[in-house]
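Both complexes below contain subunit A, partnered by subunit B and then by subunit C.
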Partner chain A sequence: MTLMEILSGRSVVVGLKGQNKREVLEELVNSLEVGDKITDRDKVLDAVLLREEIMSTGIGHGIAIPHGKSEYVTELGGVLGIKKEGVDFDALDGKPTYIFFLLVSPLDVSGPHIKALARISRLLKGEDFRQKLIAAADNEDAIAIIEEEEKKY
Partner chain B sequence: MVSVDAESQKLNPVTRQHVIKALLLRLSSMLNLTEQHFLIALAMVVGVGGGASSILFHELLQLTQEVFFSQAQGWIGSVFLLPLLPALGGLFAGLIAVYYAGEARGAGVSEVIRAIVTRRGIIRPRVMWAKGLASGVTLGMGGSGGSEGPIVQIGAALGSGVGQIFKLSEANLKTLIACGASAGIAAIFNAPIAGVLFALEVILVDFTVSAFAPVVISAVLSAVVVHEYWGDLAVFTVPDYHFVDASELGWYLVLAALAGGVGVAFIRILYGTDHFFEHRLTHLPIWAKPALGGALVGCIGLVFPEVMGVGYPTIGKALHGDLLFQTAAVFLLLKVVTTSLTLGSGGSGGFFAPSLFIGAALGEAFGLFAQSYLPGVVSPPGAFALVGMGAFVAGTTHAPLTATLIIFEMTGSYHIILPLMFTTIVAVVVARSIESESIYSLKLAREGVRLHHGRDLSVLEQIPVSKIMRTEYDFIREHTPLGEIVSLIQHGSLHDFPVLNRDGLFLGMIWFRDIREVMLENDMYAFLIAEDVLGDAPPQLLPRSSLAEALVQFTRHDTDALPVFRSPSDNHLVGVMTRADLMRCYERELLLRERETVSS
Partner chain C sequence: MFGLSFTNPAMLYGLWAALLPLVIHLLNRRRSVTLPFSNVALLQTLQHDRMRRVKLKQIILLILRTLLIVLLVLAFARPTLTGAGASGSVGDAGTAAVILVDQSLSMQYRTPQGTLFERSKARVRDILSLFNAQDDVQILLVDSDVTPLSDASLTTLRARIDGWSAQFDVTDMLPGLQTALTHLQTSQMPNKELYVVSDVSHVGWASVPDTLEWDGISVFVVPERPEIVQNVSVAQVKTVGGLLRVGQPVTLEIELVNHSETPRGDVPLQAFWDDRRIIQQVAHIPAKGHKKLYARFTPETSGARALRVEIGDDDLPADNTRVSVVQVPEQLRVLVIGDTRQDTYFLSQALQAASFDVHIQSSDQVTDEILSAADVVYLCHVSRLSAGIINRLQKHVSSGGGLGIVLGEQVDMRHYNERILSELLPATLISVRGQPGATTAYQAFPPELPNHPMLSHVQLDGTFRSPRFFAHYVVRPEGETQAILSFANGTPALLESKVGQGHVVLFVSEWGATLSWNDMPVSGFFLPFVYNLTGYLVSGAVSQSDYMVGRVVNRPLGISTKNEGVLRSPGNDAQTIWPQQRGVSPIWPVGRVDRPGLWKIYAQERLADLFAVQVDPMASDLTRVSDARLQAIFGDTRLFVVSADQQIKDVVLPLRYGREFWRLALAGALFLMFVEMWIAKTTRSRRL
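Up next is the complex of A and B:
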């Protein structure tokens, strides 16, 4: 499973407007189209927020991988958001977060959910890749950067 | 070395065996040989032995046929005494089965599967002589049956015997049995590839690589031995049939469905006859029943001698399209009857050759009908006979790969392989949807052995899950970080864990196969929790569920552990049951059963 597959080849938001965790998460969930992979935005947002309450998904190095499972998700899906200025996301290392990869799955899906998480975490390990993403000019640029990076694997 | 030899002379046979084994072990460690190499060496022995015994068996059959069948009619004076011959053959087989080895009764393949599934791969060496003689005489004197069943059983007994001499493990013993079976098929049909597939598809029900090498080597050597003796001849010489036109595939589909259906009918009539002889004719001694069956076959043989014996010449005619429609139809019906009478009464022989016969007759009859009445049919009836033969064999044995390959190797017709593959598979699907057991497994099922992926479910049906489930087990809380879960897996005895919430209610399972993906990603240890990696819902096992049910679930879900619930649709966990415990219990029950059989 590639990042581009998870993102359906298009779900990228460069230049997030949100100023805090909740706003960023709302913005990411809002860019998922209802009827495509989810059936109810608010319910999906609740699931993601609830998961954040238990333990932050800001894993440091400027990355967060918020995720959640919900009965209101029909198919595994993701959104990549980037904010050059950074946001406080309660990251493990206490530093601001720039890259946000939202992943949502249906309740009864476990294998693909875990595979997708592993894939995202593995790719974002590359320092170069992270810097390029943060510097991306617009959505198309970010998509090109991801496609370029995925060719290596 | 001299002193060792002199010493071993004085030892009794058991300790001598140990000395030989110790010497072999030392030799193999000197040559850096592994157990697998040793097994392959034994597979070579079994292959050569299997090939040689096939030749012996075939010669015995030919000799019996020559002496009694061809010449005896002169001695007995009247052709109306012909039924005496198969009756005598049956009597002989009956006496062997009752007084020497009961395993020689009926078809051989089911007995081999029984030895694999319920007897830990142990087959008595005497089965070799018993089966060879009983079948050779039954078939040679006109009983209707095939030579593959006996030859598979003889090869398997040889394999098991060789393995027992070297005190091999149960798994290796079973592999050698499969080697013997593949050697038998390879030799008797000059079909080494089909031999290998038969061993894997029917005998072991296992396509893993470990058994593959010995089984292939055994089949090859057996075929080589037979080539040296008889030459490399296809069993049947047929015209080079082709798959002519795509539109004919539709008619092949009809033939396949027909073959599957008639296959099931054959199986039912066969075992119906078996039931009749066993339970209705109780006043007759067991050894006399095959004689009665033989006599009835002989009566039919007075008018239609073609449906006696193995019947290869008639199959050859059908494959050339030389039988008339009425003849093929009558032969088809009568072969079902004579085979049921011979094997159902307790005579000795296989199902395979009769299946070939019936399938070829059915295919030819269909082909003749198709040529005259159906639109778009251009292939000759012989082509349908060939394909029908494969489809019918597949329909009765539920072994499509073996059926396809055996027809290909017996006839050397490659150009017809597409409809052949297609019809064999369809025939299996049709046959299975009517009757879930194959001609081999139905015999065992009727005697209480229920096969599931090569194991006997009936052993486990009487035991409830509560007997072996663990009531003390490790579990995980919903918010436990991944790092802790991984260390639990590394240090605990289990790989799959139940996840409970704070109130102790079951939330789901964490399956090792899922989190394997993230176990190497140290970065994720801190930010993933149990809830994130919670797996699919497990099946609802209850304390009163049977172990047979549990085994089916373990196979279906491919897991090491399954949760056991207090009651249906209740998320109170009462225990965890592991696949390892289940297998241990299965082995123990098999041993107990074996002891009961021996003591009774």
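Up next is the complex of A and C:
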């Protein structure tokens, strides 16, 4: 499973406008296309916020992987958001978060979810890749950076 | 042993609500009403029996209502029994588990009970026996990458274990741990468990921060380790001392590392150049130490040549052989650009003495064709360059060519700062220090020169004296430009920058025939320095041929073909690959290389390319991560290190939430509600 497969529909938002955690999450969820995969965005947002209440998904190094499982999701989906200025996301290292990878998946399916998490964790490990993503000029640039990085693994 | 726990203990605060019936009861008792009555004699007789029954019913109702609330609260708090015998063998409270299985190179270590990886597989089978079909169990195979084995039932997972094998990559636990943590935190299961089955070598934990939060997750580390580590590895093989040239002796440097606690005095070693043995000796290596060995040999043919070093067998065979592919260029072409013969004289003489193929051009005669034929280009005191030539030089360097810039009298500082250096080597020319021709005052190099390939064999240890510099430019490095060598007063003398795949160096004093800026061209320092410098500059042009296991490799095509090639791995597996256009260059898209050794690409029925894949030297280090480090990583969570003599189930099951009672509590509450309603109803009907 590649990152671009997870970002079906090439869901990338460079230049998130949200100024805090809630606004960023709303913006990311609003970027999900309602259709066969996502049937109710508000319910999906509730699931993501609920998960965030348990513990922040800001894993440090400027990255957050907000995620949620919901009955209103029929297939794994994802959105990549980038905010160059960073946002306080209650990250584990206490530093601002710049890269947000939202993952939503159905309640009863774990396989694709964990495959996606593994892929994201593997790719975002590289400092160079993270810096390039943060510096991406626009959505197309970010997609090109991801595609280039995916060729390495 | 049993214990009672609550999945939602916060709900237990609701038990205070159980006092409500008692409070209401007490409040009602105080509200006695006085009624005027004519004769109470009859009533007193009746009252005595009936009031006793009424009071008894009231007490029963009070107890029922209290119990009803208690059971409701308990149901929401989800009481569970913990302990091995709480509910059969594995419990019926759901479990979400992630099992990280280390499949890195060090897991190939051989012990009397099998390799560490074989032992790990047995442990994984034991772990899988702790789960039921409704549990969420994920297995992640980890080395520097993470491979999830999802979408499989427990039965399928068990069946697949036999097919696993240890790989050749180094361990990095971080991506696997992050994946596991994120997954487990999402789970609604009462039991959340992480298993790490690994040799727990410290290398794999180096990148793991202490900031990950494992609250609510039980972590079971299952170490599989040899009792004593007996391992020597070939950590490095390389040629030193500059360029490889046909017919010219070169030095081979081999580094061996002893990872054992005891010294090794008996390590047999052989090295091969292609298939010709060039060294055979026995090495002595201190405990936990390393040893460098050197040998001289002479390449007899040009092209890509394989160097292979082997040591004797030990408990980790995967790191006993190391292969490197080195390029021996047929002839190196050097282009010297200078506007007068005086500018190029000493440099071209030195290059020709070192058997380079030298061409001299003035700056206005340089064409694309001339540049593309050169491996290395020198600019000798050129005053200015046209935008077209600057652009061509930039392309030359980006694609791996070398460029040496030598400053001098005619240099237009402003033009260099604004046009040339800004494109080729970020730095600023500040001023000229000293007086050309004034030989009484000069700068020199310090006695101790930095350790750099450009300066090997030119150390000022008595063999050479430092040249004297009467005049030089003062240059401020910028961006990623670095000063490689400075004068004794600290002013940079030789600067370097990387542009694309190539190197650019800048020397701050002139090499002209008048010797007015320095006496370097006539010093013993000059010839070896120019030789090293040229070799260093050309190193970008000689394509890289060694890669680490786990990398994705694209090889330059090298030949003109649109037809398929055959890729042969060290295991002799064959795979068809097709040329692809990547940017301006055609490539063979080899993909991820997973085995160390010599990889070959055949095209048009001949060997078209050769490259080596090596294991990361860190992968051979089996030094155990400390318990304190594990504690720091997993914090206050429930961390358990399962020793070799412990059964995993004996550690896990006593900690696990077993049978859940919320359904029972809810059913009890419903039953009590019906009983309460019935008693209350009968009381009311009798009153009527």
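In this text, the second predicted complex is superposed on the first by the 151 of 153 C-alpha atoms of A that agree within 3 Å, B and C clash if a C-alpha of one lies under 4 Å from a C-alpha of the other, contacts with A are read in each partner's own complex, and residues count from 1 in each chain.
Please note the rule applied: a contact is a pair of C-beta atoms (placed from the backbone, for glycine too) under 8 Å apart; a residue touches a chain by one contact, two chains touch by 3 or more.
Note that this is a predicted model, so its numbers are computed, not measured.
Colleague: Could you tell me if A:Lys152 is touching subunit B, subunit C, both of them or neither one (first, second, both, neither)?
Modeller: Only subunit C; A:Lys152 stays clear of subunit B.
Colleague: Check whether A:Lys21 is in contact with subunit B, with subunit C, with both or with neither, and answer first, second, both or neither.
Modeller: Touch status of A:Lys21: no partner.
Colleague: Of the two partner chains, subunit B (first) and subunit C (second), which one does A:Leu92 touch, if any: first, second, both, or neither?
Modeller: After superposition on chain A, A:Leu92 lies in contact with both partners, subunit B and subunit C.
Colleague: Touch check for A:Lys83: first (subunit B), second (subunit C), both, or neither?
Modeller: After superposition on chain A, A:Lys83 lies in contact with neither partner.
Colleague: Determine, under the contact definition given at the top, whether A:Ile59 touches first (subunit B), second (subunit C), both, or neither.
Modeller: After superposition on chain A, A:Ile59 lies in contact with both partners, subunit B and subunit C.
Colleague: Quick check on the output: what are the common subunit A residues between the subunit B footprint and the subunit C footprint?
Modeller: 51, 54-55, 57, 59, 65, 67, 69, 92, 110-111, 113-115, 117-118, 121-122, 125
Colleague: Touching subunit C in the complex: which residues of subunit A?
Modeller: Those in contact with subunit C are residues 51, 54-55, 57, 59-60, 65, 67-69, 92-93, 110-115, 117-118, 121-122, 125, 151-153.
Colleague: Using the touch definition from the top, list the residues of subunit C that touch subunit A in their complex.
Modeller: Interface residues on the subunit C side: 98, 136, 138, 140, 145-148, 150-152, 172, 174-176, 178-179, 181-183, 185-186, 207, 209, 211-213, 215, 551-552, 592.
Colleague: For a test of understanding, state which residues of subunit A touch subunit B in their complex under the given definition.
Modeller: 51, 54-59, 65, 67, 69, 92, 108-111, 113-115, 117-118, 121-122, 125
Colleague: Which positions of subunit B touch subunit A when the two form their complex?
Modeller: Residue list for subunit B touching subunit A: 479, 481, 511, 513-515, 517-518, 521, 523-524, 526-529, 531-537.
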